[in-house]
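Multiple structures follow.
Both complexes shown next keep chain A, but they swap its partner, so chain B is in the first and chain C is in the second.
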Partner chain A sequence: MNDSVSADHPCPARRRWMSVVARAQPDRIAALLGACGEMPGHTVLRGPEGGLVMVRGRAGGGGAAFNLGEMTVTRCTVRTDNGYVGHAYVAGREAQRAELAALVDALMQDPDRSDGIERHVIVPLEKQQAARKAERAQKAAATRVQFFAMQTMRT
Partner chain B sequence: MAYVAVKGGEQAIDNAHAWLAEERRGDTATPPLSVAQIEEQLGRSVDRVMAEGSLYDRELAALAIKQAQGDLIEAAFLLRAYRTTLPRFAHSKPVETATMRIERRVSAIFKDLPGGQVLGPTYDYTHRLLDFALMADEKAASGGVSMEAADLTTMPRVPDILGHEGLLEADAASDREPGDLTREPLAFPAARDVRLQALARGDEGFLLGLGYSTQRGYGGSHPFAGEIRMGEVSVEIEPAELGFAIDIGDLVLTECQMVNQFKGSKTVPPQFTRGYGLVFGFGERKAMAMALVDRAMRAGELGEDVTAPAQNVEFVLYHSDNIEATGFVEHLKLPHYVDFQSELQNVRRMRTEVAE
Partner chain C sequence: MTSTLSPGFADPVTDAQSCFRAVLDAMARPGRVHTVRGVSAPMPLCEAAGAVLLTLADHETPLRLDPDAAPARAWIAFHTGAPIETDAPAMFAMALSLPDLDTLPNGTDEMPETSATVILQVASLTAGQRFVLEGPGLREPKVLTVAGLPPDFVAIWQRNHALFPRGIDLILCARNKLTALPRSVSIKEA
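Now for the complex of A and B:
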């Protein structure tokens, strides 16, 4: 899903699943989790709380950083009854999405559950997101043109 | 001139607001607009309110538009007010527009640039004839949109294409923490980071007029639209509790690389210089105007004469924010009774003196 995973990221796998749930609809996460069988209970340690992230750009696209503007973000931290702590920071103001994303993050760290969650939650969400992305890319591709300068015009 | 505090009028204010609410709703024989409808069907208004409100949240911008009866500056004001109620969790890593998922990308300087010209959902080439079919109830989108196999390789940015020969000035990297207008008031001389922040949240109409003025000769620098691109980028933050970067979601951004002539100076050989525009949402006009004005404000740095309004950094930055401008222009509505009384006495005295 990500565009710029740096090669030296310490936890690329965790980064991947967090980015997938950050973009998922909460009712869809809940439905997919529901199909995974018995889950441990969880306690919310923080949030879900709303806040802001200042989005930065670069002058000229590749130069010095500047502050472009803020975006709304919701964060949440949960602990499962068997002791795994999950975090989430997700764009927007949906509390339920942040809590479910944190829960999925915790469950994915549990070796007994990560395979099931990967298969029944992460992969279907990722596929859905990739399909949306591909559809938009295909619509864009259909508007690709070649311009031909007229012979009589200065080029 | 100063305004004075007055008391009274509470009932009139309550009644005015009640009437406003009724007027906002309009004729109840027509169905009410939902926030989701505004978000989906008035997307360019939503984009503009997010850019000038300096807050990316499509749903909140749509709500603000509904609440403000479509007054976009009032809506941007509502977003600015809302953001003050929230804590800031983090700043993002600079977004990578080079890896944008392109929905539109055009260049006016290269016919055959790698990746090609992608028109995207544009109003360009439409005939600007009112479409009366939209007056009728629309069925589901007619026909369907063409799709083609997409080549998902990233499209190089124009500076990456022209930069190799040294014909185009390179981006100056810096690790300095950028200034932030939401934390520190504007001070001069304002560095480019602060100027870009101010332009990104500046009024589209004001910047459009200023950008246009540079084309008409008030500080001209012969611009070319090197590249305009629009699409989604991912946003990454690095929360302290995790200690590594995570991806929190996507934003739609529009970027403009303006390429301008430059004669060179004692230290710099002749080369093309650049102005830069980057805005929230699909805001091509704003991004282009921003790039023109960014380049104009670099006149001093590039050793050009500073003669035109668009080149005057203080003039541009002090007047580009429509919320501030609204505040000062509209404060003239507040009671200035005492001031005016004293002016009235002055004028009467002067007239008496002239008559004597």
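Now for the complex of A and C:
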């Protein structure tokens, strides 16, 4: 997945936390949220419902866009009892993950709660995801083949 | 930013299907009154009007929204994704009082299906003025009782009916009841 954040995004901070919760395991989000104390109730406005999105790509980054294929996504929108609306789109058929991710998105918009959620939910999840990514990168790097002979030939 | 958005259909698939069936049957048998369920539409929309919008409107159907129904704008936009236009040619018009039908597209002789459908919210479909309907789908004339149509509605409808195969179709909604007046039906005062 592409982690780059384009500069013209209307709300890069929201993009960051939505992306973090959309990748987290639902039981982990629930456990971290449970440690944040009393939460307002919420109503589901839409979903969680499954659907397909067309993933598009560009050959070499410069070619014309083509349809790579469809992937399953689950989306959900919730409104907390104090009126914040949160959205989530997550990969796969995961109703519980979508609902929890939407709830976290709604709570993060509430100025009274965003600091607590950021500290107790977003940061730990982000650290965990970064660690997992680094571990995978390390494992992959260990299998890297260095073609010394060819490098020497080129120089 | 806080919001007062409310949910759409309680069970989106079956509720939309049963509402679609109700609209289809109401169009096929003009004046037959159906009951819809499963939706709590925001003010000032009634349940039936909300259900018809959720069932028929989507991102490909530009919708003209009555300025008086502006409080429901966010709900319609979120749940249907329909582009809400003020003056541009619309495929649906959500109205709280009968709009000037001449301002809506009424199709062409080659493509009569490109006309607009007006979803009109009225006060009641069980009390009020009595109309006699005749036309395709009705073996014998049918009496429809509606409260909330303009006093010159029969004359307005005669002009619309005379355009056939062009013309506007009307879906009447009151509380959780709906019925339809397709352009093919002729209407007289009872």
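As a convention for this text, the second predicted complex is superposed on the first by the 142 of 155 C-alpha atoms of A that agree within 3 Å, B and C clash if a C-alpha of one lies under 4 Å from a C-alpha of the other, contacts with A are read in each partner's own complex, and residues count from 1 in each chain.
Here, a contact is a pair of C-beta atoms (placed from the backbone, for glycine too) under 8 Å apart; a residue touches a chain by one contact, two chains touch by 3 or more.
Everything numeric in this text was worked out from a predicted model, so none of it was measured.
J.: Report clash or fit for the pair chain B and chain C bound to chain A in the combined superposed model.
T.: Result for chain B and chain C: fit.
J.: Could you say whether A:45 touches chain B, chain C, both of them, or neither, answering first, second, both or neither?
T.: second
J.: For A:139, using the defined touch cut-off, is the partner it touches chain B, chain C, both, or neither? Pick first, second, both or neither.
T.: In the superposition, A:139 touches chain B alone.
J.: So, does A:109 touch the first partner chain B, the second partner chain C, both, or neither?
T.: A:109 contacts chain C only, not chain B.
J.: More residues of chain A are touched by which chain, chain B or chain C?
T.: On the superposition, B touches more of the residues of chain A.
J.: With the two complexes superposed on chain A, say which partner A:83 touches: chain B (first), chain C (second), both, or neither.
T.: Second partner only.
J.: Write the angle, vertex at the C-alpha centre of chain A, between the C-alpha centres of chain B and chain C, to the nearest 10 degrees.
T.: So the angle at the centre of chain A is 90 degrees.
J.: Note down the smallest distance between any C-alpha of chain B and any C-alpha of chain C in the overlay, whole angstrom.
T.: Nearest C-alpha pair, chain B versus chain C: 6 Å apart.
J.: Touching chain B and also chain C: which chain A residues?
T.: In chain A, residues 49, 77 are touched by chain B and also by chain C.
J.: What part of chain A is in contact with chain B in the complex they form?
T.: Those residues of chain A that touch chain B are 1-4, 6, 9-11, 15, 18-19, 22-23, 49-73, 75, 77, 87, 89-93, 133-149.
J.: Quick check: in the complex, which residue numbers of chain A touch chain C?
T.: On the chain A side, the touching residues are 43-46, 49, 77, 79, 82-85, 109.
J.: Please output the residues of chain B touching chain A within their complex, sorted ascending.
T.: For this pair, the touching residues of chain B are 50-51, 54-57, 59-60, 83, 86-104, 111-112, 116-122, 145-152, 157, 159, 171-174, 176, 178-182, 192-194, 196-197, 200-201, 231, 233-237, 239, 241-251, 253, 255, 257, 274, 276, 278, 280.
J.: Which bits of chain C are touching chain A when the two form their complex?
T.: Answer in residue numbers: 1-8, 12, 78-79.
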